[in-house]
Each structure stands twice: as C-alpha cells, then as structure tokens.
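Pasting the structures here.
First chain A sits with chain B, and in the next complex the same chain sits with chain C.
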Partner chain A sequence: MSDFSNTLSTLILLSAVLLMACKRTKSYIKSFRLQSFLIALAAGVMGTGNMLKDGQFELIVVCLITIILKVILIPNILIKTEAKVEHKVEKDFILNIPILVIICCVLIVFIYASISNIEGLNEGSVNLQMVNSISIILIGLLFMISRKKAIGQIIGFLVIENGLFVTAMFVTNGMPFVVDMGILIDLLTAVIIMGVMVFKINDKFDSINIDKLRNLKG
Partner chain B sequence: MRSLVYISVQLSVILLVAPLVNGIIGKVKALSQKRKGAPFLQMYFDILKLLKKNSVVSDTSSWVFKAAPYIFFSSATAAALLVPVSTTIMLQGLPGDAIMLISVFALGRFFMMAAALDTGSTFGGMGSSREAMISSLIEPSILVSIFTIGLICKSTSLPKIMIAMMGFGFPLANSVFILTFFALLIIIIAETSRIPVDDPSTHLELTMVHEAMLLEYSGRHLALMEYGAAVKQLVFITLLVNVLIPTDQLISIAGVGAVAISLVFYLIKVIFISLLIAVIEVNTVKYRVFSIPNLAALAFILAFIGFLQYFVFGGIYV
Partner chain C sequence: MMGLFLLGIPLIAVLLFLIIKENKIQHAISVVTSILLILIAVYLTREVMLFGIVEYSSFGGFFYIDSLSIIVLDIVLVIGFVASVYSIQYMNHEIMHEKIKPKGLRTYYILLYSFIFTMVLALSVKNMGIMWIAIEATTLSSAFLVGFYNNKQSLEAAWKYIIVCSVGIAIALLGITLLHLSSIGVLESRQFLSWTALFDNAGSLKSSIVRLAFIFILIGFGTKAGLAPMHTWLPDAHSQAPSPISALLSGVLLNSAMYGIIRAVAIVNRNLGSSVFTGRLLMGLGILSILTAAVFILTQKDYKRLLAYSSIEHMGIIAVAIGIFSPLSVFGALFHMINHSLTKSMLFLSSGNILQKYNTKQISKITGLLKVLPVSGLAFLIGLFAITGTPPFSIFSSELSIIVSIFQANHLFLGIVVVILLAIVFAGFAVTLFKIFYRKTDEDIPEPGEANIPGTFCIIALLIVITVTGIFMPEGVKNLLNQAQSIITGGLA
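The block that comes next holds the complex of A and B.
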C-alpha cells in the first residue's frame, strides 16, 4: 500500500510542476483540477487502507468531499470568473517558463537535501511523501509570485493549501475529520470571496493584472 | 550461431513492425476526425513504391546529399541491433550500450542535417537549425533518465538493464520509474517529430521541422529516409516498453515457444504505446517553436526528480 502512496505523492508533485509550466489561465485551472483529483485518489487509497485495518471511514468521506469541492466546484467557479472578466492577452508571468521550471527544480533539490533525513520519521517512505508534499507548498508560493493575474494568485493559494493538506494526510495518516471539514469549507468561502474581488478589481481597473493595483483611483 | 539468430530475429522484427506503428497512429487520428483513413499497411506500400523509382538529385549538391540517406538508414538499423526486442534470445556479451545508442542516433541525425544544408534551399536550412535546437534540448533528459535506470540496475548495457528490471515485477508502481516513463514518453514525442513538437502530416513552411529536411529528397532516397525515421521511432518505443514494462518474467516455458510468446507480448506493448502516442497527438496542438523549451524543461525535470529520488533515498522501495 505504501508503494502506491509513494507513487501518488510523486505524481501530485509532478502535477504541481506541470501547473508551473502552464501558460494560459484555462490550462492551469485544468492542471489544478488534475492535482485535486490525484489528491482525492490518494485520500481514497489511504482511506480504504485505514478502513480495512481498523474501520475508520473518515478519510473516504474527506475524499468524496475533496472531489465535490476541489475537483468540481472550485474550478467551475474559477472558470466562470475567468469567462466573465474581460479577455485580454497579456504577458502573465515575470520570468519565462523554462526558468520558472528550473527554479522549481532548485526548490525541490533544496527541500530534498534539507529535510529528507529528519529524525523521528523512521520509515524512508514517509520521508519521501513528506518531502514531496512540502515541495508542493513552496511551488505554490513560487506560482503565486510568478503570475500577475488575480486568478493566478488564487490558484497559487489553492496549491499551497493542497500542499498543506497532503503533508498532513501523508504524515499523520489523516487529520481529525472536523479539522479537515473546517479547512475545506473555509476554502470554498475564500474562493467565492476572491472571485467577487476579481470582479471588483476588473470593474475598477479594467484589467485583472495586479500590477495595475498601484494606480491611484478616485 | 546464437548471434546469427539474434541478429536475424532482431532485424526482421524491427524492420517489419516499424511502418505499422505509423499506420496505427494515422488510423487513430483519422478515426478521431470521422474519416476512414488509410489502411494500416499504407506505409509499406509507400515505401515499396518509392523504392522502385529513381531519385532526382540537384546539380549543385555534393556527395553528402547522396550518402546521407544510406548513413541515416544504416545508423537507425545499427541502433535497432542494440535494443533487444525480447530478453529470451538476446546476447549476454552484446557490444555497445545505451550511450552508444544515443551516439549512433546522433551520427544519423548529423548527416541528415548536413544533407538538408547541402542543397542550399531555405527550407532545408530552417529545418536543420530547428532540428539542432530540439535535439540539443532533449538530449540531456535522455541521458539523465538512462543514467537513473543504469544506476539502479548497475549497468548501462541494455540487456543487463532489461534482466535487472525483470526482478522488480511491475516497475511502474514505483515512483522513480514512473517519472522516467513520462520523461521517456516526452522524449519519444520530440525525437520522432510527433505533434506537440512537429507535425508529421503537414507541408506548411512555417511549422515543419523533419519534413523540411526531407523536402529535396525523392524516389528511393526518400524511401530510405522515411523508413529510417520509422525504425528510429520503433527503437525508442522498444527501449521504453522493454525496460519499463518488462513482461518476460511471466513466461515459464523455455525454447522456441518462449520466444514466440515474448514477441507477442512485445507486439501488444508496442501497439499500446502507439495508441497512447496517437491519443496524445489527437488531444494536443502543435506548439510554437519557441514553446518547445517548455516541454524540454518538463522532460528534464521529470528525469531529474527521478534521479534525485534515487540519490537521496537510495533508490527504491519494492
């Protein structure tokens, strides 16, 4: 079972790198959907293992809620938001994509070198999963500072959240149910509010480029 | 005697199956566009017909132009001998390894680019400059992914790697190997000029890479070039399926029966990978030339994370 978790955690990390390599808003929403699906799959695999072992079904419920919220609902909200604001093709990122991907690579090397031999997590496989998950958090941060559009910022925030969720899930074998539920519902509210904010920004500044937020408006 | 059997089986399988891969990919593409499409064997007919025709050679070209098709085809065929199609009949002391494989391909590619420059046409020069760019971007990821597998199996010789991989059962359940699998898939698409990198079916000036280099060729020279490209594609697919999806450990009998069963497995795997490539080709559009570094960076990082996982965690948890 741990074999599948290793592979799934690596695939989730890969989807984060894939997200970094995406150029258009639609394609990174799609990659985010893929990442969330993989996370739901990992939760489902671990939940099934837990259920067979000691009859806990909490992770399976979390898996279903993740599918509903992160795979279906939140990407749909983002796609709708993106469709309603004005379409403008503009350069969306500060550095070009190959350099961003190589910076991702450097971040991953940094994380691997620094926390791969933490004491206390005795099994190597748990270490691998944790290292992968923490790399996702840093990639999310890099994504957030590398995109200029407001929707990119939202996606970066969601990727950081995904990374935290995955770290907690792999290290502790599933957090308490109430905590997970609280975080997920918070997330939905946050995305709805941020979507409204994007509309407002678009109204005021005629663009969702966050560089223009510095302009003074009466 | 044993080496004679090996060479004949190897050459006949690779040379006979190579055009079929293109046939399958073409058929899937046609079906996805609600066309009937050419028959599976179309490329065999094309090659036979072209081989019967004389080729026209420009007066201004030198010997490189005439020699290049033969060198390209024979380098592809030599590469075909380095990658065993089945572990049941391969030679243990096979000379040459994975690094040799890459350099043999590089020889063929060098002469193809030189021949395209030789005639002095604009398209040839454009095509060869693009090909040089793509190949230099993709080569690091080939080397890193092959070295990762080589470090795990403690050899760069392909037969030894294949035997060692059979000990892992189903390697793709392992994170290091699945990273290498995706990296090799991107490499195959880029090396064999498939759609996100190059469109094999178009003759539009702005987009073609591989076709631009073949533009001046006709008759039997063209046949050799296209056949060589198909053989090269099949050699890469063979490398992917026989290293990362080994099936020969499932065979319990020995002798001729084992060879036959292993070849049937091999064909099934090749068809599966062809379908996968066709699905990728149907679902993507051709990238701009300046977007290809993005794809190459992705292939490199896939190979590199696998390498890193091997290095930091000492390989694999089977």
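The block that comes next holds the complex of A and C.
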C-alpha cells in the first residue's frame, strides 16, 4: 500500500512539473485536469482500502466529488473563460521554461532537505509523500509568480489547493469529511468568482495581462 | 438554541434580497436584520457572562461561543449594524450620482450579508477546519464588494485582494493540516480539529509538528490580518471599497483573522510550555508591520490609504501584545481590538462623507472641511487624534497597557522601538491634520451641510463610545475581557 501511495504521489508531483513546462493556457488547463484525475485516483484507491479495513466510505465520496469538480467542472469553466477573453497569443511567462523546470527541481530538493530534518515526521525513512505534496504547493506558488496572465494565476492557486488536498490525504489520511466538503465548495466558488473577475478585467483593461494592473501604489 | 439564529438570520436576509427588488424595502430589511442580530448578540453576551460557554449539541455540536469569541462577535455585529444604517443614505447618494445602478443595491446587500454571515460563522464554530473554511469564504464574499465600483482601480484592488488572500489562507490550511497531523493518535476521530479538544490535550501533541504548524498558520491568517510583509492587498482594498465596506474590512475582518491566530497561539503555547517561540515570531511580524505602516503614513497623500496603513499599524501592535503573552498584554490586546475597530470604523464612515462631498481622496484637495461638514469633519479631526493614541480616548488606555506590559516583560529595547514608532505615526497624522485643517480655504468649496444624517448619528454614537470607554470601563466589559484573557493564557500563567 505504501509503495502504491509513494508512486501515485510522485506521479502527482510530476504532473505539477509538467504543468510548469506548459506554454499555452489550454495545455496547462489540460495538465491541471490530469493532476486532478491522479488525485481522484489516489483518493479512490485509499478510500477503497479504508472501506475494506473499517467501513469508512468518506474518501470514496470525496473521490467522486473531486472528479466532478476538479476534473470536469472547473477545467471547463476555465476553458470557457479563456475562449472568451483570448484575442491574441502573448508571451505568458517571465522566465524561460527550462529555467523554471530547473527551479522546480531545486525546490523539491530543498523540501526534501527541510522535511528530513524535522523530527517526529519521519519514522525511519524520510516521509516521501509529504515531500511530494509540499513540493506541489511550492510549485503552485512558483507557477503563480511565473505567469503574467490572470488565468495562469487561477491555475497556480488551484495547484496550491491540490497540493494541500494531497498533503491532507496522504499524511493524515484525509481531513474530517465536513471540512473536506467545505474546502471543495470554497474552491468552486473561488474559481467562479475569479473567472467573473477575469472577464471584468478583460473588459476594462483590454487584456488579462496582470502587468497592466499598476494603478495603485504607495 | 437562540445562538443558531445568529447564523440563520443573515441567510434569510440574503434570500429575501434575492426576491425583493424595491430599493426602499431592501434598506428596511437590512436595518431590521442587523437590529435582530444585535439583540441576539446581547442575549448571547449575557449567557456567556453568566455561564462562560454557550454550546449546542445539535448538528454535531459545531456551535461554540466562549468569552473570546463573543468579544470579536460583538464587534462584528455592532459595526455591521452601524454600516447597515450608514449604507442607506450612502448608497442612495451613489445611485443618484450614477456611480452604481439601482439594481446594484441588491447585489450590494446580498454580498454584505453573506460577508457578515461568513464572519459570524468563523467566530462561532469549535472546529478549526470549519473556521478556516469560513475565513476563506469571507474573502470570497467581500471580493466583489471591494471591486464594487467596477472601475480600473477597484478591479485591480479586488484582483489583488482575492489572489493574495486566497493564497495566504491556503498556507494557513497547510498549518491546520499539520496541527491535525500532530493530534493523530491523541484525539478520537470525532474530536478531530476541535479547538477545545486540541487545547485540553495540548500537552500530548507532537511539539515539532505543532511548531511547524504555527508558522504556517501565522503566515496564512497573518496575510488576512494585514501583518507586514503580507499586507500588500490591504491599502488597495480598503481605499477602493465603498466606505461602509472599508469600515467592515478594517474594523471586523482583520479582527476575525487575528482571532484565528490567537486561537492557534493558545494551543501552541500550552503545548510548548512557554511563549518564547510564538512570542518571537509575533513580535517580529508586529514590529515589522508598525514600521512599514509608519513609513507609509509619513508620506501618504490619500486619506483612505492613510487610514488603511494605520490599520496595519494597529494589527502590528496587537500582534506584539499577543507575543508578550502576559495577562496584562493579552488583556490590552483584546481591549485594543475593540477600540481600534470602533475608532477606525468611525473614521472610515466620516471619510465616506468627505469623499461624497469632495469627490476626491487626495488630502491636498480637501479645504474648509469644518465649514462644509461641521459634524463629520469635526468627528474626522477628533478621530485622527484618537487613532494615534491621544488621551482621553480609549485607544490611549489600551496602548498604554500594552506598552506597560512590554516593559514589565523586560523587553526594554522592543518597548523603546514601539514607542518611537508610535511617535512617528503620530507625526504622520499630525502633518495630515495640519494639511487639512490649517490651510487657507479655497473659494470653490462644495456646498456646506451634512448629507447622510443617519450615518452622521452613527458616527457621533461611535465617537461618544470611544471617548467614554477611554475614561471609564464598565465592569461587565472588564470581566468579559478578563475571562477571555484567562482562556488564552490559561495553559501558562
């Protein structure tokens, strides 16, 4: 079981790096979909394990809702938003993609080093799942600051949220059910609100490049 | 079960706003709702004073109010009431001058009461996970309120607000997950994340993980509370939002986030057995916030931004006081929370009156204020003195007790730095005062006369409250603050 979790969490981490390597908005929405699917898979397998062991079916419900929300609904909202606001292809990232990917690797090593130094977290060997999950959060943050478009920032936020979800799932076997549901509802609302705001920004600024948002200072 | 109405009434109000389209009736619903909420708050405060804790077993026993939450909750509902009364004329004025459409009022009230609902929820739950969900929801419900005017500046402020705060709050969730991790094996599964269970069993949580958790919670909720260097969203959001919303953001939202930090501090200090670890972090962030605010206050040209930076300063003072963690300093911090909220909302409301008269946020373009707005102008003048900690106003007494507690805890250097920074802030405000009130009056000043009469009454009421509590504190408030203080410091002192 732990081998399986290790593999899946590493795959989820890889999907985050893949996301970082995407050039176009559409392709990173696709990568996000892939990542969410992997997370749902992990939740499903762990949920089945829990159910066979002590009859808890909560993680399976979480898995189904994750598929509905993060694999189907949210990417669709984003693709629709993107289709409506995209007039021209602009260069979207501040640093080159190879450099960004190398920074991702440095981040992962950094997290490995930090986590292996915390006592009480690791029993015998370093807690690989935790390293992977926290790396996803940091890669999400890096993604946010490396893209100029508003949609890129939304995706970055979603990746951070995915990282948090994975951390909770692998490390603590899932948050209490009510909390998990609440987080997912918050997430959906957040994406809808941010999507509407992207429209409005596009309306007023004729672009969704956040470099243009420079009126307020001091 | 009265307490559950606290959550039900704002929701019912939101539903009513969805149905009713008449602007006048919407105003009436809003005021009635906020009065009902105040009545429930009075009842709950009495219960808490008598029994210490209000708890219901229905819905999994999620509802939980003790004296710490009732203090912040009362602030929320009082400022909510004031803001709803003030909003009537303020929004009518905006509709008349075509800054918003008549239909916009409905959206405004729906968002306002969802905002109040989420804040009440954050303050009345036992489960720290649900508290996190509610605090995240406050960002979501207020994002459109910040961007309500729908122009370039307000959209920029709203985008910054939602992105910075959502990411910040996400980091707090990582902290809460780690707190959850540290409690596995200690708590039963139905107690997971419950604050009371975590606090009672604080001694057996894994200290190394608790430490890590606290750092993330502090950064996360600190973003929402406006502590530097995560404060960047705050001046923009506060200055671009409609004035009643600025009053709520500054007077209420920052406190709700600070409340989250205080809850975490209580657990962590009890677990570690001392306040050194949390104290260093809180004092560091607190001093940095006061410093940042002082620098920007000195050079500020926009009066709403000036008030926003002053909120960062006061959150910094509260953070330092929580960091000291002696009974006196925690008492001072809670008292300061109340005083800051009342004073700052009064200032934001009077600045709303000024903004509607002069149509500018530039300090240099405001002349003849006392002639144009005799009441709210004077309140603004007195308020600027009060917010810098001039006696006899209440901020003076809470700041004094915080500073005394810093010196009592033998943080000599820290105390001196705080006092010097407060003096710089005072200088910054004094410069603004001179610019506004001691300049030759231009010929073309706007037509004199108060426009927002009910709003001005609210301002006067707040002014009276902050003056009276500066001189004399009612026994009930004192007991409540002491109870809350002993809950927080319970494990240590």
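What we mean here is this: the second predicted complex is superposed on the first by the 206 of 218 C-alpha atoms of A that agree within 3 Å, B and C clash if a C-alpha of one lies under 4 Å from a C-alpha of the other, contacts with A are read in each partner's own complex, and residues count from 1 in each chain.
The rule is simple: contacts are C-beta pairs under 8 Å (C-beta built on N, C-alpha and C of every residue); 3 or more make two chains touch, one makes a residue touch a chain.
Predicted, not measured: the structure shown is a model, and the values here were computed from it.
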Original post:
Will chain C clash with chain B on chain A after the two structures are superposed, or do they fit?
Top reply: fit
**OP:** For A:Leu128, decide between first (touching chain B), second (touching chain C), both and neither.
**Re:** first
Original post:
In the superposed arrangement, which partner chain does A:Met197 touch: chain B (first), chain C (second), both, or neither?
Top reply: second
Original post:
With the two structures laid over each other on chain A, which partner does A:Asp186 touch: chain B (first), chain C (second), both, or neither?
Top reply: second
**OP:** For A:Pro176, decide between first (touching chain B), second (touching chain C), both and neither.
**Re:** second
Original post:
How many degrees apart are chain B and chain C as seen from chain A, counting from C-alpha centres and rounding to the nearest 10?
Top reply: 160
Subject >> First (chain B), second (chain C), both or neither touched by A:Cys104 >> reply: first
Original post:
Touching A:Leu18 in the superposition: chain B (first), chain C (second), both, neither?
Top reply: first
Original post:
Which partner does A:Phe157 reach: the first (chain B), the second (chain C), both, or neither?
Top reply: second
Subject >> Superposed arrangement (fit on chain A Cα atoms) - minimum chain B/chain C Cα distance in Å >> reply: 20
Original post:
If you look only at chain B, which of its residues touch chain A in the complex?
Top reply: 173-175, 178-179, 182, 291, 293-294, 296-298, 300-302, 304-305, 308-309, 312-314, 317-318
**OP:** Sort out for me which residues of chain A touch chain B in the complex.
**Re:** 2-4, 6-7, 9-11, 13-14, 17-18, 21, 23, 97-98, 101-102, 104-105, 108-109, 112-113, 116, 124-125, 127-128, 131
**OP:** Please name which positions on chain A make contact with chain C in the complex.
**Re:** 118-121, 134, 137, 141, 144, 150, 153, 157, 160-161, 164, 167-168, 171-173, 175-176, 178-179, 182-183, 185-186, 189-190, 193-194, 197, 200-201, 204-205, 210, 213-216, 218
Original post:
Touching chain A in the complex: which residues of chain C?
Top reply: 60, 127, 129-130, 132-133, 136-137, 140, 143-144, 147, 150-153, 155-160, 162-163, 166-167, 170, 173-174, 177, 180-181, 184, 189, 192-193, 206-209, 212, 235-236, 239-240, 296, 299-302, 305
